[in-house]
Amino acid sequence: MDPRDILSIVFLLAAAPFFLAGTIGLLRFPDVFCRLHALTKADNLGLGLIVIALALQADTWLQSARLLLIWLLVMLSGATVAHLIARTALRAGRKPWSGRS
Amino acid sequence: MSVPLIYTAAGIFLFLLGTYGLVAYAHLLRKILAANIMGSGVFMAFIAVAGRTPGAPDPVPHAMVLTGIVVTVAFTSVALALAVRIARTSSRVHLSGRDEEQ
Amino acid sequence: MDAVLLTHPWSVWTIIVPLAAAVLAFLVPRRAPLAGIITALSVALFVAATAYRIFLAGPHTQMLGGWQAPLGITLRADGPALIMLLTSGLVGLTVSLYATGYFTAADRQQRYFWPLWLLLWAACNALFLSGDLFNLYVTLELVTLSSIALAALNGSPAALDGAMRYLLAGLLGSLSYLLGVALIYGAYGTVDLTLLGQTVRADGLSRAALALMTAGLLLKTALFPLHFWLPPAHASAPPPVSALLSGLVVKAPLLILFRLWFEVFPDTATAGMAHLLGILGCGAIIWGSLMALRQQRLKLLVAYSTVAQIGYFFLLFPLARGEAAATAWVGVFLLVLAHGCSKASMFLVCGTITRLAGHDRLAGLAGAGGTLGARLLVFALAAVTLVGMPPSSGFIAKWLLINAAIVAGQWWYLATIALGTLLASGYVLRVLSLAFTESQSPPLPVAPRILRWPPLALSVVAVLLGLAAFHPAVLTLAGAPVSGIILLEMVP
Amino acid sequence: MSWREALPVLIVLSSLIPGLIIFTLPEERQRLRTALNLGGALVKLSLVAVLFPFVYLGQSFVFRLPLLPGMDLVLHADALSLLFIVLSAFLWLVTTLYAIGYLEGSPHRSRFFGFFSLCVSSTTGIALAGDLISFVIFYEMLTISTYPLVVHRGTPEALRAGRIYLAYTLSGGILLLVGTAWLRVIAGDLAFVATGILSALDPSLHPSLMVIFLLLILGLGVKAALVPLHGWLPLAMVAPAPVSALLHAVAVVKAGAFGIMRVVYDVYGIEFAASLGLLQPLALIAAMTVIYGSVRTLFQDDLKRRLAYSTVSQVSYIALGIDVAGPLATIGGLVHLVHQGMMKITLFFCAGNLAETLGIHKISEMNGVGRRLPWTMAAFTIGALGMIGLPPLAGFISKWYLVLGGLEAEQNWVIVVLMLSTLLNAAYFLPIIYRIWFGAPPQSWPRDRVRADGRETSLLLLLPPLATGLLVIMLGLLAAAPFSPLQWVQIITIREYIP
Amino acid sequence: MTPGPLLLFDLLLPAVLLWLAWRSLTSSDLFRAVILFIAFNLLLALAWVRLEAPDVALAEAAIGAGVTGTLLLAALTRIESAAGRRLSRPARWRPAALVLTGTALLAAAAGLLWSLRLLPTMPGGLGPLVDRHLAESGVDHPVTAVLLNFRGYDTLLEVAVLLLAVIAIWCLDEAVPFLQQPLESPLLTGFNRMMLPILLLSAGYLLWLGSHAPGGAFQAASLLAAGLLLALFSGASLPAQWSGLPLRLLLVLGFLAFLAAAIIGPLTGRALLHYPPAWVKPLILLVEWLLTLSIALILTATVIGGRPTGSRPYPPPASPAAEGRQR
């Protein structure tokens, strides 16, 4: 087996727990802010690892670059959207969970 | 059973599911959602049923489905605008009853 | 000169001109009525040129983009398309003239009426000429969407409601149709009508596809019992729009149905399927007429009359199986023409009456001798064609249908036609008698000319077409999927 | 288009075009309207006069407009059509004059005269129709153009009468249409040809032909007011007097009778129809109608209703004459078409004068009215006596030939029917005549329009009944003169019986 | 395609799609239903990829999920602000009606599935024909060739449908903002500053790509529309003097260009849409670029959801900074 394939598999396997954790967090966390926190983990790290795994498989550098661009864009928009959601929630009067309800 | 047939069948089921939703629900937005699901089902059946050609996929149904998607978006946008207008003029989000029809 | 006349693809201009005019009307709303009138006149001219070409040189096709089917799309100018174009030309011209007077410049509706109507017109003509299953889908969507927008034009709650019903029914119908197209493409790898006609096998798959497409189109044509969306949509739209919806738009899916059943799937459809449509047609005739007899508002009465008249078109399916095919075919197409003209005229008169009286409740419309009485008489003149009294085009059409029913030995349909005629006279009489009732109310102002003459002219044309039906009747069979002697004799 | 083709069309157009122009005229253009009406009527009469000698010589005038491949609108002039057309053209002229006087100053005259002209055009078309399909086309046009005349007054009563009229006639029209279509399918071209066109058909079709005959007669019988299809006729009396006059004397009722004539003689052929056994039942129905109508007439106090039931009975003389297969009965029936028209229109004019001048509608109010309206009542008396069949008036001639026909065909029951009917006629007309001349006039009439010039009523109302009354006498006295209706009918009969 | 190692995937994906569609229809919260629907569309794009229809996948993601999703969310907000928020439940069925509808739908499903067995095992399709004429079409990507040349007439009418949608929406109502106020945040400002050029670039790239690989006018237009919407949400607006004729002109520009190209044929003795061979490539390119621009505006207009009022879309004036950004 090509070492590149092995590396890819490793990265993919590493990405899976982030997505799993992110999803569980999204479903189980108590309020908007915590859920956003969980979600960004999956987006940033999980997707990053997958992109790396895929970039290793790309035929040309250009393809790899495009994959990385996708990751960057997702991080960028993820951060912005998370910020906007959080701010909207705050302005709507949602109190962050303090562990007491 | 070949792969396209699975998707064709799924398309048909989506179509019928959408039909059910369109008929069964009163809320206009839900009806519009249902119609979109119907449309997706049709498109899926179209691509899948035509995707059984050997070799490279047939581009003609792809182009047709692209057209279909755009047409459906146009319909959806008008339907939604109409629903919003109905909500704004009569404060309801469903069609009037039979009694008001006359 | 003749060479150009006989080789130029005149029919495409009936699509292009309204399309371009629609864009112009959208860009410069102030000039929209002018653009509309010019378009209406030129479309009439192009239809006439198409008719002349078909008359002299027979039906012809055009391969769009220069690509032959099955790769490209084919436009076909044949007899059935021509009758539809004639209907579209006559109704369109009249309604356009009327609309210049009905919508005023100060009216927001005018701003959107013209682009919407011109797009609708282009779409109808495109549909009539199309020879490609998928292109028919696109044109049908264009027809439906513009009709919906027009139906909602005046923004009243009833109109919005009617438009919404129309839209949802339309979506259901067109998606069902498209699924049928998908199956057909999967089975035969083409969507060209002519090619399909040569290759379609009469198997379960074709039947399933035909059933899907038919169901969708029935919904769009509003055949009983799928007519629920039609009366609210047609009755609450502005009158020029109602005229277009009833006179023109319901015929669009109808033509597709005819093309499918007789051209693409002549052997696939079973007699049972044909009779099912025929029986639904009978149901439409009786139910629609009974409902029209009960309505208290003029526009609703006319709308339900459309429900009833649609039923007659569906008698083609059972009657055209066998010897009487040509008779029934010509009869139904002439009926399409007759109904288009008379129904459009009736709705336009409704518009004038509503404008004058401020309402269209039958109970309050008495008016012998006065302005209303005269309008009601024009209504009655249009109704002469609708009921099928001689010498109108409606009579010729009904005469052919009766002949077809006799030749085919279908006494049941014959009885329905007879009953339908009587019921139609019944609901027309409800309106007509108002024309002779003395009214107590103070005299109403006279309507402007432009609201009086176009409907009158159209009803006169509809009546006189009965005396000039010879060539239309013959042309209907040019390139049609059925052939034979129009008036069959069965002398043993 | 040669003049021979054009002539039948022009005859139809001579009333159609004035009618269409009249529709567009404003109410106050009375002169122009009158000019158009009378001009049209005179043009029509002169065109018919041109036709006359040619048809006498057996030449034909045919106009064809192709409606569909294999179906034309055919107008042709033969002896039978001329009989009807002369009657209608002449009575149109007279009735128009009368109507101008009668409706003077009343509203909606443009509408009235417009539809009046349409109605006459349709009748002319019926007379000239060259085949059964063309006949049906004009027959239905007649239905729709008479409706506005029936409901002209716009009262709820008139509207109800109109509704019932249309219900009857449209139902009949449908049956006629279906019968015609069916016949066309099995027999092809349905041109009216003396001695008929169906006898050559395969005998296996005879049952169908019998059913078709029933359909056609049902359709035509409605307008001809055969019992039990006559229900509309007495109700239609709400129409203005000129309309009633025209409806009863020429247009509607006669169109039905004329249609029966065409179907029996020129489609089936009298002998073929007799051989199918179709005529006997029809004759029985006609006889029943004759008696039934007469009996009902006895009990009407309303003058116009009495005249209406009398029409029911009298028109069936025509049907009776047609169905008693034999040349003499045919002559009686055909000539009664003209004679009854002349007599009945006289009576209706007079009834109209009574209503218009004195407000009299009921027979019980007519005591001594002869002193107030001597001329009108003289005409009435002539008409009534003619109806009874008093020699030498017109009615006598037709009854005489009917009796002879019954004898010739060895159908003696016909004579009994005629005798009975004559007795009844006398029973319902003689008391009126007695009242008119010998009853004591009341203190005052329901209303009285005394005229400054001392005439009993306006000239336009008086002259028409006098003219037709005079003709009732002339038709009887001069029945043997050349070109009298009787002589003309004999020509027709010869052509119908000898192939 | 035969079942291989991916069989599990091929069974799972349709199942998930059906489940999402079902949930989207049945969840009583409409917001959740819309979100599920967007997820459904994204997964649908995956299905298109699996079915070797990358063009459709791109369109589905951009138009099906992106534009339709935005449309639905916008409409939901407007509806709820007009008619109040309420839960949507299925209409109460009479048992007979339910049984009847259910039976009919199941019978239809059974009939359709059963008829599928009659599909030819070796279907023809038009793929080879398209390949044969690809060289004459003026583009190198088969789907684009079909869209803009072989079946260009469909596309012409399709653009008419889009234009019609805008006219219909404008006819229905004035533009009603669905955000109480524009989204403002330093983060968003920065994001926009970076994102808008990228979106513009990507749109151009997709458009350019369309002539030889999956991509093309519609996909590019939806990216462009996304950029426009982003700017709009952050408070940018069209100046009043631009919202009249200039805006309408931009909306119809693509369609007019297409129409003009189409009638070259009939005017020169050819069929409609039959381009002179020498001009095929430039004409198609021109039409495609203008179409992209117009369609992007049309898609944006459908989301705005009403005719321009001539004033700013938000009651309080937007920040001048946001406006400046859009230029």
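Each chain carries a letter (A, B, C, D and E) given by its place in the written order, and its residues are counted from 1.
Here is the rule we go by: a residue touches a chain if its C-beta (ideal position, glycine included) is under 8 Å from a C-beta of that chain, and two chains touch if they have at least 3 such contacts.
Just so we're clear, the structure is a prediction, and the values are computed from it rather than from any experiment.
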What is the touch distance from subunit A to subunit C, in steps? 2
Upon omission of subunit C, how do the remaining chains partition into touching groups? A, B, E | D
Top of the farthest list for subunit A, CA-centroid basis, is D
What is the identifier of the chain with the smallest separation between its Cα mean and the overall Cα mean? C
So the centre of each chain is just the mean of its C-alpha atoms; given that, what is the distance between subunit D and subunit E in Å? 73
With centres defined as the mean C-alpha position, give me the subunit A-subunit D separation in Å. 98
Could you grab the centroid distance between subunit A and subunit B? Build each centroid from C-alpha atoms only and quote it in angstrom. 32
Two or more other chains touching the same residue: where does that happen in subunit B? 8, 12, 18-19, 28, 49-50, 52, 58, 60, 64, 67, 71, 74-75, 78, 82-83, 85
Counting only residues that touch at least two other chains, what does the list for subunit D look like? none
Which two-chain combinations qualify as touching? A-E, B-C, B-E, C-D, C-E
In their shared complex, subunit E is touched by residues of subunit C numbered 8-9, 12-13, 16, 19-20, 23, 26-28, 62-67, 70-73, 75, 111-112, 115-116, 119, 122-123, 126, 134-135, 138-139, 141-142, 145-146, 148-149, 152-153, 155, 183, 186-190, 203-205, 207-209, 211-212
Please name which positions on subunit E make contact with subunit C in the complex. 111-112, 114-116, 118-120, 123-126, 129-130, 133, 149-154, 157-158, 160-161, 163-165, 167-168, 170-172, 245, 248-249, 252, 255-256, 259, 262-263, 265-266, 270-275
Subunit E contact footprint on subunit A (complex, rising order): 73, 76-77, 79-80, 83-84, 87
Contacting residues of subunit B [partner subunit C, same complex]: 8, 12, 15, 18-19, 22, 28, 31, 35, 38-39, 41-42, 45-46, 49-50, 52, 58, 60-61, 64, 67-68, 71, 74-75, 78-79, 82-83, 85-86, 89-90, 95-96, 100-102
With touch defined as at the start, can you tell me which subunit B residues reach subunit E in the complex? 1-10, 12-14, 16-21, 23-30, 32-34, 36-37, 40, 43-44, 47-60, 62-67, 69-71, 73-78, 80-85, 87-88, 91-93
